[in-house]
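One structure is given below, encoded as structure tokens.
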Amino acid sequence: MVVAAGREIADGEVVFVGMRLPLLGFLLAKETHAPRAVGLYENGVIRDLPASEFLVTMSDPPNVKGASVCTDMLDVMGLLQQGRVHLGFLGAAEVDRYGNLNSTQVRGNPGWIRLPGSGGACDIASLSQRFVVIVEHERQRLPARVSYCTSPGFGEGGDWRRRTGLPWGGPAAVITTRAILRFDGESGEAYLASVHPGSSVEEVRWQTGWELKVAPDVTQTPPPNQEELRIIRRYDPEGFWTS
Amino acid sequence: MSMREAIARFVEDGDSVVLGTFMEAKIPFSAGHEIIRQGKKDLTLVAPISDMLFDQLIGAGCAAEVRAAWVGNVMMGSAYNFRRACEQGKPRPIRVTDYTNFTMALALQAGAWGVPFLPTLSTFGTDLLKRNPSLKSFACPLTGKPLVAVEALRPDVAVLPVQRCDELGNSHSWGNWGITLEASRASRKVLLVTEEVVSTEVIRSDPNRSWLPGFLVAAVVHEPWGCHPSPVQGYYNRDHSAYQEYHRETKTEEGFAAWSKRWVHGVRDRAEYMEQLGADRARSLRVRQDAFAHPTNFGF
Amino acid sequence: MSMREAIARFVEDGDSVVLGTFMEAKIPFSAGHEIIRQGKKDLTLVAPISDMLFDQLIGAGCAAEVRAAWVGNVMMGSAYNFRRACEQGKPRPIRVTDYTNFTMALALQAGAWGVPFLPTLSTFGTDLLKRNPSLKSFACPLTGKPLVAVEALRPDVAVLPVQRCDELGNSHSWGNWGITLEASRASRKVLLVTEEVVSTEVIRSDPNRSWLPGFLVAAVVHEPWGCHPSPVQGYYNRDHSAYQEYHRETKTEEGFAAWSKRWVHGVRDRAEYMEQLGADRARSLRVRQDAFAHPTNFGF
Amino acid sequence: MVVAAGREIADGEVVFVGMRLPLLGFLLAKETHAPRAVGLYENGVIRDLPASEFLVTMSDPPNVKGASVCTDMLDVMGLLQQGRVHLGFLGAAEVDRYGNLNSTQVRGNPGWIRLPGSGGACDIASLSQRFVVIVEHERQRLPARVSYCTSPGFGEGGDWRRRTGLPWGGPAAVITTRAILRFDGESGEAYLASVHPGSSVEEVRWQTGWELKVAPDVTQTPPPNQEELRIIRRYDPEGFWTS
């Protein structure tokens, strides 16, 4: 997942990085194909150099020291709202057929289970040029429709974003533990683009809560190479995020 | 002023209180713990995230409402008191008004600027916009296109940690700002919690690092280690293990009661809390390598 | 990049250009003079005040429009080219769109945040509100009370002086900010004019003094004394006599032509301008007493 | 005028100072009856200590060095709009019966004479709790109605400010070279409150462009004392602003 996340970043892009796996993916991309990528963090940190130590949160002192700019949330969110951020990474408890995300509450037994909430996820989903979702691939986490829409994907599909008031953006990919889904440009519906080694099209479709369409040219996701694994181990030596 | 006196004088039952404006850094845990010890009631807690401090105040029954974008334990995920309050009304029911990070920042900026709202393009098409009455879509008076109005917040109190401060409330702060600037201007009263007290000359030597005029400050509390286990740049690092321990120990109400007894009710103040933590652990969190900013000349 | 190349590449006829965002300090006079030498046309000049730089660009016939709160010579009052252009259409007629300082800042902040407008309570009941089409009163969507919408400005170019900068456009700036932060984010292209070029490590040593991410910067021009006669904190002081001389010498069109010949067209670049000024006068403006900021530790 | 300006400042007040005479008045007040007054400047400077040298502009390096805070214009204007500024000082080319100010254009012969414009004057007149005008007392500078309203006073009088959208504020005094005018709380109309030594009620009324009302208890403005003159000389040693 980390490697697949890193591959989504093009060189020179401005990226809302977040924490955990996307951060590692960002660091990986910086050290391989995207050395000029710049990372933004909601707390106000802007970095073009990796932090010198392992980070648990974006406000850990190693992320501040050596930053390009330390500013405030409104400033980085303003750049986001202006359309200057190419890519944002998001996690979620649920992602649906149109790439809408739920990180607020899910159905429990009985009642609702309360989750932490949006943080900046809704803003990033609303305002980045594109966003990528990272999620565990289990049937109940990929329902046909999220039970609460925290962060907008393509809504009900088609030109829903523009009709609703969102001038650009939307999900580019969902990277799961089993596969990579991408989105149809017209309908806004997710389809299976590649399957990770060890999984299969049938398993992925069974673990998805709607009739998942499959790309005619569906492929196997290329596995991480040695260099990529080495870089990941360097930034997460104890396997805190990747074990 | 001591933290005890500051909380007693400036935080009243029913107040809205901003705690945790620097995101995961400089969270005023010692102020939160004093609020719990004094049994403040019916507070509205305001912040984008507060890491695990809001969970502690909710578990102690101090909060009637939370206005936030994210409530939990950043390192570990969900926090149990928040879940118990939302799902089971324990120890008391709370209202939750869900913001995003950006809309929380805009709400406070609107308060800071004295306007009833600020416009944004965020939250369209979401359940946050449907359910949070402080977010309302409207037509732009210039373009006719849809926008979301974020209603101004004017909290009663903001508790804001800084690295160094003079007796008059002039201070220096560094590191990521989060929503601190707007919270400081939007709030009716500001309590500064400082790691160090310095002379006014130190503050005046660098007016660009000085971020809040002293006339907006109601009280200065000198409280070293006041933010532990969150970090203070140049002073101490984040105590990750405290977040892991809290997560492990507060799965049940009884577990939270035991945790509170040890870390909040069992100590009188932050000095006793630090004794409880132990000198070795504190030492391990201290800055290991200094990194001074390049000199800057304000001469003429 | 040289100033000549930067202006040639990044300022086009018809552009809207922000010059003079730090108010009376750090005004990019050398950039303005290069714009005059290259004979740029039909510019829209944007700033709250520019002290006497706008007057020079207007007198040279570079401007078709001025969007500003105040145009003149701060020390001396009115400026003559601006008056001649408004009153007699000489050397060419200009449109003047009158802002206040606050509404200019809000217009740029709206541009910086990507929203079509920001609301304010200022300008009600004035002729500015009646005559500036970028100010429009409307009813607050939440309270129903009247507010003024300030339309967003997205200038083509902002020329922003800084004290020190690396080759990539990461920079440190200190002193009063004026409207610099919002102008830098609102503009499509930023040209930095720096007194000193330093290593990236110097900038990264103090990320709070670093205010603009390098990815927003189109070009860096290393131009010592680029702001004379306006001051640069820590580098040189304001040359008050230059403002008095300009006032005295530009009462007539002929006077302005003579002044321009000497200080703009008669020199090829800022280095020659400084030769013209003379080493003694430059020396008299240098910092007489250093005043370094108190050390700040970013270590962990 | 400097001394009269200084006397308008109460201790502990937050004051938009401006330049020239009001700045000197502020410094005078700080050294006499209002030591805890704080000065705001539109460029972002906030000071509670006088600058160590003579200032020509608010952005001169001596005004930055030793400031309490160096911030940006939006920040200080935001405090103003929030109602946190007690007092602002303004100059103008014209001030009228209701304290409206013109600093944009005046009638010339022929046509209009273009003036520099508002700067922050309109914002300060709109949003400070009260403001004080400093102006040369000549008949053409005190017309019945300003020919262009740059900065709002009491408009057309009465509750005009509230009706227009200005929630508070208005002029408290006009300090001229001949007199001090104050404003009636109900009608918002200016009246003569005190006459400077060397002038007279008749002269002041003759030099005013409308039928100026005179307070029943009109007094003579107390002249500057030795201490006040000494302080003014210290801050403006060459008489740049006061000669």
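Think of it as A, B, C and D in the order they're written, each chain with its own count starting at 1.
The rule is simple: contacts are C-beta pairs under 8 Å (C-beta built on N, C-alpha and C of every residue); 3 or more make two chains touch, one makes a residue touch a chain.
Remember, it's a predicted structure, so these values are computed and weren't measured experimentally.
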{"item": "Contact-richer chain pair [C-D vs A-C]", "value": "C-D"}
{"item": "Rounded Å distance between subunit C and subunit D, as computed from the means of their C-alpha atoms", "value": "27"}
{"item": "CA centroid of subunit B to CA centroid of subunit C, Å", "value": "37"}
{"item": "Separation of mean Cα positions, subunit D and subunit B [Å, integer]", "value": "40"}
{"item": "Multi-partner residues of subunit D (each touching 2 or more other chains)", "value": "45, 60-61, 64-65, 70-71, 74, 81"}
{"item": "Two or more partner chains touched - positions in subunit C", "value": "114-115, 120-121, 145, 147, 174-175, 181, 208, 231, 233-234, 237, 291, 298-300"}
{"item": "Contact graph of the chains (line, ring, star, complete, other)", "value": "other"}
{"item": "Inter-chain touch pairs (all)", "value": "A-B, A-C, B-C, B-D, C-D"}
{"item": "Residue ranges of subunit A touching subunit C (in the complex, touch as defined)", "value": "12, 14, 38, 45-46, 48-49, 53, 60-62, 64-71, 74-75, 78-79, 81-84"}
{"item": "Parts of subunit B lying in touch with subunit A, wherever the complex brings them together", "value": "22-25, 48-49, 51, 68-72, 74-75, 77-79, 82-83, 86-87, 96, 98-103, 105-106, 109, 120-128, 137, 145-148, 174-182, 230-231, 233-234, 237-238, 240, 291"}
{"item": "Partner subunit B, residues of subunit C touching it in the complex", "value": "114-121, 136, 138, 140-143, 145, 147, 149, 151, 172, 174-175, 198, 202, 205-206, 208-209, 231, 233-234, 237, 287-300"}
{"item": "Subunit C-facing residues of subunit D, complex", "value": "19, 41-45, 56-61, 64-65, 70-74, 77, 80-81, 104, 108, 111-123, 126-127, 148-152, 155, 160-161, 164-167"}
{"item": "Interfacial residue positions of subunit B with respect to subunit D in the complex", "value": "111-115, 170, 181, 185, 203-204, 207-208, 210-216, 298-300"}
